[in-house]
Amino acid sequence: MFDIVSFIPRAVVQGIPLLLGSTGETLTEKSGNLNLGIPGIMYVGGISGVIGSFYYEAGKTAQDMNTALTILIPLGCCLLGSLLMGLLYCFLTVTLRANQNVTGLALTTFGVGFGNFFGGSLIKLSGSSLPSIIMTNTSNVFRRTLPFASKAGVFGKLFLNYGFLAYAAVAIALAAAYVLNHTRTGLHLRAVGESPTTADAAGINVSRYKYAATCIGAMIAGLGGLYYVMDYACGVWTNDAFGDRGWLAIALVIFTIWRPNVGVLASFLFGGLYILHMYIPSGMNLAVKELYKMAPYVVTIIVLVLSSMRNKRENQPPASLGLAYFREER
Amino acid sequence: MDNKIAAVTMRNITKRFGPTLANDKVWLNIYRGEILALLGENGSGKTTLMNMLSGIYFPDEGEIAIDGKPVVIRSPKDAFALGIGMIHQHFKLVDVLTAAENIVLGLPGKLDLKAASKKIKEICDTYGFEVDPDQKIYDMSVSQKQTVEIVKVLYRGADILILDEPTAVLTPQETDKLFAVLRNMRDDGKAIVIITHKMHEVESLSDRVAILRHGQFIGDMPTKTTNAQEMTNMMVGHPVTLNIDRPEPVDPHPRIEVKDLTVRDIEGTVKLDHVSFTANSGEILGIAGISGSGQKELLEAIAGLQPVESGSIEYVDDSGKREQLIGKDPFAIQEMGVALSFVPEDRLGMGLVANMDLGNNMMLRSYRKGRGVFTNRKAPYKLAHQMVDFLEISTPSVETPVRRLSGGNVQKVLVGREIANAPSVLLTAYAVRGLDINSSYLIYDTINSQKMRGVAVIYVGEDLDVLLELSDRILVLCGGRVSGIVPGRGAKKREVGMMMTKLGGEADE
Amino acid sequence: MNNKTKTPLFHVSRRAALPWYKTWAIRGAALLLALVLSGIITSLVTGEDPFAVYGAIWKGSFGTTRKFWVLMQNIAMLLCVSLAVTPAFRMRCWNLGAEGQALIGGLASAACMITLADKLPNWAVILCMIVTSLLAGAIWAGIPAFFKARFNTNETLFTLMMNYVATQLVAYYCVVWESPKGSGTIGIINPKTQIGWLPQFPSQKYLMNVVVVAVVCVLVYIYLNYSKHGYEIAVVGESERTARYVGIKVEKVIIRTMLLSGAICGLAGLLLVGSTNHTLTTTIVDGRGFTAVMVSWLAKFNPIWMILTSFLLVILGRGAGEIATKFGLNRSFGDILTGIILFCIIGSEFFINYEIKLTRGAGKEG
């Protein structure tokens, strides 16, 4: 029997990291930067938060810990780590006009390496024999739900049963959509991504917008990594556990045709597809489950193909996506 | 006028692009209540100079003062703040945004498109423009886009307006309308600069003319005190005769016969509507028309680059044998033994590969020659050497990427390659656009010598004066239809100009 | 308005071409900077003298004959995938799907080895492996190529997604063919009969791969630089409109080139499964599909220079692995070093293409 009430919340928690990642990447791509470093940035966001809370939590009991600091320290570390990654990407691609694909892939190599390296070294530092880092206390704070959520029945289970970052993710996505479509900043950002020459001639500081969008995008994506460790994984860092979710987030950007508000539901759909294999009765055939995991990617490919076939101007990637801008290019 | 403080003073402005000196110690004054024509040949540095005023480029040396106060213009934003607005030749508009969104782009404050639309309406009413604020740019015609550009500048309250070759894309009627608006603005006390190389625009519109040559400031004077010949001499640097040879055609007979040719673009708009004509060997058939009247589609259809909806294009060889060209790509046409050469409008984007050297570009037409899987690399380089000598192409070597060459030399490479395989049909689109006068004459001579060889030349031009002097017959296109075919000798400019706009007539309404 | 503060401090403009020795001097300087940076970071983490660290890298790569040959094998495989993506890159078609194309090639090989082992003689199995793996890789690249040619579908994103489809497909077959039952892995295929194991030089297990890839390298170099196809690829890459103008069928060139690209990836998969590992896992390509992008780009898409750049990246990876073991660090340390070096070299390209001049305004302030 397909248990929809237990399926949806699990799809949602799977979807939240993807939502954060794709909102960040959408903002970035709207500025014309194709940041393939997002998977790396999400690793760095996650591990930076882990490092922060690791040192804060070390040697303390749950009673010793200040709730505000328990949240703020990993949050701050996560944002700082992802911001630095975003800055590095911008410095190379905007200031030094390097190839975006190559820079992004290098950033992912670096970021994943960074995450796994410190993930490994922290275990050594703590002297623990466990294969992973566990921050139960911090995680408990991140996973705290509204007190009445458990009393609200099915409604509570479906809508109230999440940590605060999940709600923040939805709010960020909706805010990003609003900013993009209804504010002057958003208009300028879209202009930069579509035609930097035009934006420049209109007096918009192209580099500043690219930097700002990419760095903010990186920080939002970094939060996805943090949510994954602290909430979804219950504060347990395991090397490579985050897996290919970063690429899935990039897929989600295409799937939503660069619309963060659509991303809210689409991310839950992707989350659902990601765990669908656990809910579909496949009997003893474990192999088929692997095929179900293909679903999000196949769906993305279909959307990519369909949107290019329909060839509607509004549904295309930002026109200058992937290209460096140099004002004095002749 | 001498006592007036100049709205803009540019002193000693120098700008380099890599090794090229685009502006060399230029001095220029711009006054309010005056229309200044900035005149110069292509590549003389007019646009570069104005781009420094509008903040697109930053000068390497020199100073700029507004109303006598020294200023630094580091970005277009600085320029707007100083009341400087520039309408670029290549429109700076974002295609997927609406007119209103484009117009308010870059302004500070809260985004209120309703208020913006209202203000746009007001500006339009004042000057008699028509703009739908909610229309997307990609749905607009060229002249609509230009209107949006002008409204954009006025919306910002600019009182120093720079227009870079604004009439290139307009019909004569639209041009007249634009000039009327510009005169109104001048009478309002605005300072207006119009960049142009068209002598009659200088004479009919401007109060003062300033002339640049090879990046240097040559001189300025009130328009009343000078004449076309003097200005041309100053532009070119030595006296020139403005006459183009037109030898009599020798034994013309039909070479290309086009019948009822209809072409639609991807969006389904009719670009050519039942076009019929014959191009003769040993003749230059000039194609006149407002830009975008189907010239590009016509040439590309003959060259096998444009899908055709209906009609026929037949090639007639010397023995009278006919071959249908429709449905064949350029390679297939070449395979049929039809020596068809095509000098397209977009030289570096279509005719040549900008990043490849001269030799490799020569190879574009010949790389398939010979059996086997490998290319013959010696022959094209030999050809490149011959071209450099024959057409006096100035280049460091045949291994230089063509993008490093100047516009005139790029065109010589392209034309050289296209006439190298002894064509029987030569299609040229805007063959002298962007070229200095000496290069232009070399191209006219080359085209004439092809004509004398018995080649059927189809010459698409934008400068009516040149078309009238060069062509044996002139086909006038209007909105994708043939408005008429007139003999080149004795044709009147007014008459041809009328034919360009009469048929179809959408532009008028 | 204060003039001095508003004048830009420096001015950037595009350079005319630099002589080749200067460009390589700049790249060399970037590499040196990267090595110094990595040295400092490594010292900070390990507390060791950086020279000892580089000594360890050297030893880790060349210490023993075995290590040397493992190194050679790794370079060969990375080079093979890099050669595969290069024709597509020359066409400005960003094939980021080499990972999946190689994987699917490996899957095809493994399928032949497993299912045909008791039906066909060894030579026939090997022949089937070669044909099917090249074909599988080509098809995997051909699908995005078809849509790129037909509808201009973004190939960067499409090929990227295809990687994960391939991974899941392999994961599926890993369970289907698991051995022993319940392990979820395939294990060494045909360990006793050695059916489908590619022939080896008697002296060296890995020499075969190195030789094959060396031959491919020369062939790709000749193909790209001297053949008519290579010329068409270059023209399409530079300008599709020019290509159409001279009658090159752009769609055909895109699909043909991507098929070639995918087929070479399939070859890499074949070598990995049939020659190196004799098994199949989802991680058998080991990120080479992505590293290859950087190898190819760093070498400016020149197959001969790619020998050098893949050598560099492999040494770093293996050397860093060696440091990790020696100083008790996590092996991922290598990725961090690789990242740093890539950033330095990527950044250095700027100084090759552009020049920076201090403006007069800045001089006056002093």
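Lettered A, B and C in written order, each chain numbered from 1.
In the analysis below, a contact is a pair of C-beta atoms (placed from the backbone, for glycine too) under 8 Å apart; a residue touches a chain by one contact, two chains touch by 3 or more.
The shown structure was predicted, so the numbers you read here are calculated from the model rather than taken from an experiment.
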Chain-level touch network, classified as line, ring, star, complete or other = complete
Which of the two pairs, A-B or A-C, is linked by more C-beta contacts?
-> A-C
Go ahead and note the Å separation of the Cα centroids belonging to chain B and chain C.
-> 45
Averaging only over C-alpha atoms, locate the centres of chain A and chain B and give their separation in whole Å.
-> 48
Separation of chain A from chain C, taking each centre as the mean of its C-alpha atoms, in whole Å = 26
Mark out which residues of chain A touch at least two other chains, giving numbers and ranges.
-> 328, 330
Residues of chain B that touch two or more other chains: which are they?
-> 17
Enumerate the residues of chain C that touch no fewer than two other chains.
-> 13-14
Within the complex, chain A is touched by chain C residues 12-14, 45, 94, 96, 147, 151-154, 156-158, 160-165, 167-169, 171-176, 184, 287, 290-291, 293-294, 297, 328-330, 332-336, 338-340, 342-343, 346-347, 349-350, 353-354
In the complex formed with chain C, which residues of chain A make contact?
-> 34, 36, 88, 91-92, 95-99, 101-103, 105-117, 119-121, 124, 239, 244, 247-248, 250-251, 254, 286-288, 290-291, 293-294, 297-298, 300-301, 304-305, 308-309, 311, 317, 322, 326, 328-330
Once bound in the complex, which stretches of chain A touch chain B?
-> 182-184, 187-188, 190-191, 194-195, 197-205, 313-314, 319, 327-328, 330
Tell me, which parts of chain B touch chain A in their complex?
-> 17, 54-57, 75-77, 79-80, 86, 88, 92-97, 101-102, 104-111, 136, 138
For chain B, which residues are in contact with chain C within the complex?
-> 16-19, 58, 60-61, 70-72, 74, 303-305, 329-334, 342, 344, 346, 349-356, 360, 363-365, 367-368, 373-375, 377, 404
